[in-house]
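Naming follows writing order (A, B and C), and every chain is counted from residue 1.
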Amino acid sequence: MDYGLTEQQREIVELARQIAQKKIKPVREHYDKTEEFPWPIVEEIAKADLFAVYLPEECGGLGGGTLELALVAEELSKACGGIALSVATSALCAIPILLYGTPQQRKRWLSELASGKRLGAFTITEPGAGSDATATKAAARLDGDHYVLNGIKNFCSTGSAAELYTVFASTNPNRGARGISAFVVEKGTPGFTFGKKEEKMGIRANSTYELVFENCRIPKENLLYKEGYGLFVAQDTFDCSRPGVAAQALGIAQGALDETLAYIRMRKQFGQSISSFQAIQHMMADCATSIEAGRALLYSTCRAMDRELKPAVDKAIQEGTTVFEAMEKLGSRRWTKESGMCKVFCSDTAMRVTTDCVQMCGGIGYMRDFPVEKYMRDAKITQIYEGTNQIQRNEIAMMMIKEAASKSRKELVSA
Amino acid sequence: MAENPGKGIWCVAELRHGALVPTIFELLSAARSLDQVSKEGVCAVVLGGPGKTAPAAKEIASRGAQRVFVLEHALLDGFLEEAYARALKDLIEREKPSKILLPASVAGRSLAARLAVACRAGLLGDVTAVALDSSGNLEALRPCYGGNLLATVAVRRGLQMATVRPMAFPRAAQASSSGEVVAAPVDPSSWGLRGRFAGFAPEESKEIDLSSAEKIVSGGRGLGSAKGFELIRDLAHALGAAVGASRAVVDSGWIAYRHQVGLTGRAVRPKLYVACGISGQVQHLAGMSSSDVIVAINSDPQCPMMKLANFAVQGDLHQIIPAVVAEIKKQRG
Amino acid sequence: MNIVVCVKQTPASANLPIDLATGRIKTEGLQLGVNPFDEYAIEEALRLKERLPGSSVSVLSFGAAAAEEALRSALALGCDEGILLYDPAFEQSDSLATAHLLCAAVRKLSKAKGAVALVLCGKQTNDGESGQVGAALGAWLDWPAASCVKKIPQADDSKIVVERLMEDGVDTVELPLPAVVSVIKGINEPRLPSLKGKMAAKKAVVARWGQAELAADVSQIGASSASVVVKTAPPETRSAGMTVPGGSPEEKAAFLVQKLKELKFI
């Protein structure tokens, strides 16, 4: 379907498609098998400027927004959702810096992430703090010009490969949720080491690590915004990044369906192509319909977000403030509900579509030699990370209740 | 040079490090078919280092060339476009042939282009059939656009040249009488040669060369892995065939590029082409569909290669190929 | 080092629709791209440019106005300038005439921006497939040349060493510069463009040189080419063969080997 993409957006899609089809497809099986980090492909993605699409021009970006990021994530995920994750985690590291970083912090770190010369990662989860981030145990204590960071983070995507990490830690344990702060920590900082490397079901072309901070001294300037704002940073980041997960999920679904279609048109049983059987046809139609519905929701949400986000970025650059402050001044709204809807719908779609694709392919679909089962394994994580789909539904419902309450208040006033 | 005042059809032999490439005998058949009409005589030229051409010249003279010009010089020992083109041009200016055929090999193609410019000749490249048009000009067929089209091309001024695709003509047999070998003078003093032939590393595996192979066994995706090429080599060995491959498996690194048949690989025209596990994408078909006899071994009876094949063998190639190899051995005893 | 790459815009698909009435390729709606072999020449030029500081890469294409797109693709990859050679007087040029036009353009470039040291071409095009243009260009320029080059192990401002893939092995040839080299697939892995490169290429000015600029020898080009295409037609299709009968692999093998024996392949 023609979504009226601009010329630059079409170029982005085309280039991402070429990388996916020419560079990623031939090697995805290798990385899935070995769990090696796909450095040669990441270099290709960087050279093509695909790490830069959503970042402002002042820091080496191409001036796009969440839609551009989604287009890249979707297109790369059509070939391999695991390899595409390198782009998504860099964005997850960059977005908090973009939203809450000072102009100096933006220039310093975003240009490195835009060039793809350094990868980024985001780390909030702890052994005891998953969906409940308020239970964060990692702590940062101010000591002169440095914060001293202690604690353990786990399940960090692009762990070890990334060189910049946004890390969440409590600066005031007495204040609970209001005591959490966000920091940028560079790989190589003394006291920052990597623990266990996880072995995973899917997205095996990405490295998932435990991060260990032991008296890790980080410069005071690495604090994002103010102490105690960490959970706001995380929530606003997720609002902007969840469309990226949705896009990854959509790409996985589309990639699986494309492989499946090629196979079922060729596969013959009872003397005819199995694509001529209605049982298969209905599954094909349902898969395609959900994907297209997800895409329509995702692109519309991204566009609506970018219409507010981009003027705020411009204003922040002009006035030398943080983007978050510019958004407050412009009266930008929160996108928790819509971005959660994108993530829920597209990731649930991805799980169902990839399961159906394995089913349509039959026995061969279950085999490692055939690419379809990998899509099914890769799809699962999209229902889990950046907030499980259950948490998403909670948040969507919460926003609905809040909106309804505020609407009824307004009605009372006007009556 | 609108007129072509010359007389005689020449065939240029390719001598590779002492070994005569058999394409010369294909050129001789093509030349003789033209000469049946034009009656101007068929000659050959062989170039090489000092003392290296005699056996080849003798062999060529015995297979239908009335005269074999021999150009020997240390500078002609290894193939260098500049040197070969200048030596030939000097001979052409003295002897004035009307038509020259060269093999459409790596060396033949680039030599022909360089020589054609030097002589302001017309050149038809990589042709598969030759004839004379009503005014006696050289006319030829050449496949183009990846085998999608067959073009009829003709020379209309100057010396008339063509490079002929290997295997497009039968090889000339022994003639009843042998032609004359003529040592022609080579004087490089006016050439102003700049390039230098610095060395040659022969293909180590001693595999049969694809482009002039009479039989080729090719493997594709259906082999499953690089290891599958052992089957291809077994069958190629049993048949005395060269080993070919589809683009997909070359790109996957299962076998070296020099084995690739097709649009971005080599165009081949063997008498027998055995395609194993190759579905037959157009790019591949473009490089081999003019083979005389095609055998396809594939599990998918509907794929293009199976439809194109003279003999389509449906089944698992991992079972079929060993059975064929065993059967050949049995037949040979 | 001033490097020139010659590229051609050719059909991007291998499956070409043929107009049976005229025997020609149907051109409307045909997707075009840079000839695949030329992509290796562009990549090799860019690698030499990166290796030899102060180098520049100019790209030449002889073709219709639409061939400007092929030049822009090369610019997006990092080439410095693109020049389209187009003039109605150039039409019907055969491969030797095409090389003659490219020769005139290389000479003009040498005059304009300093001596061109190296011209790189693809081994052949995927439409005409003659594989003659590189060697013919070397002849017109009267420069040393090598075809089917698989590696350039050595290059400096005065000389290059090339490895040429022959049927029986690999030749090594030394060419003092200036020289012309045509390259094969496998010499490198062509890069993809960057988005920033693509954006810049869209805005770049592509020069157009016609006969007024080139002043080529009219007795050698266009309708005066030494060879002519008389007609084109689709090749005859092969008639369908037979399915080898038999149940077990052994039965099928026995039947096939019997047939191959009858045909004297065994």
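Quick note on the criterion: contacts are C-beta pairs under 8 Å (C-beta built on N, C-alpha and C of every residue); 3 or more make two chains touch, one makes a residue touch a chain.
This is a predicted model, so every value here is computed, not measured.
Farthest from chain C, judged by the mean position of CA atoms in each chain, is A. The interface with the largest number of contacting C-beta pairs joins chains B-C. Closest to the middle of the protein, by Cα centroid, lies chain C.
Averaged C-alpha coordinates give centres for chain B and chain C that are 21 Å from one another. Centres computed as Cα averages put chain A at a distance of 42 Å from chain C. The centroid of the Cα atoms in chain A and the matching centroid in chain B are 56 Å apart.
Shared contact sites, meaning residues of chain C that touch two or more other chains, are absent. Contact residues of chain B toward chain C in the complex are 16-17, 19, 21, 78-82, 85, 105-107, 109-118, 120-126, 133, 139, 142-158, 194-203, 209-212, 215, 239, 257-258, 260, 263-265, 271-272, 281-283, 286, 289-290, 293-295, 301, 307-316, 319-320, 322-324, 326-328, 331-332.
Taken together, the chain C residues at the contact with chain B in this complex read 11, 14-16, 18, 23-25, 36-37, 94-96, 99, 126-136, 138-140, 143-148, 161, 164-176, 179, 182, 184-186, 220, 225-235, 238, 240-244, 249-250, 252-254, 256-257, 259-261, 263, 265-266.
Within the complex formed with chain A, the residues of chain C that make contact are 191-196, 198-199.
Per the touch definition, chain B reaches chain A in the complex via residues 224, 251-252, 300, 302. Touching chain C in their complex are the following residues of chain A: 8, 11-12, 15, 18-19, 22-23, 44, 47-50, 52-53, 62.
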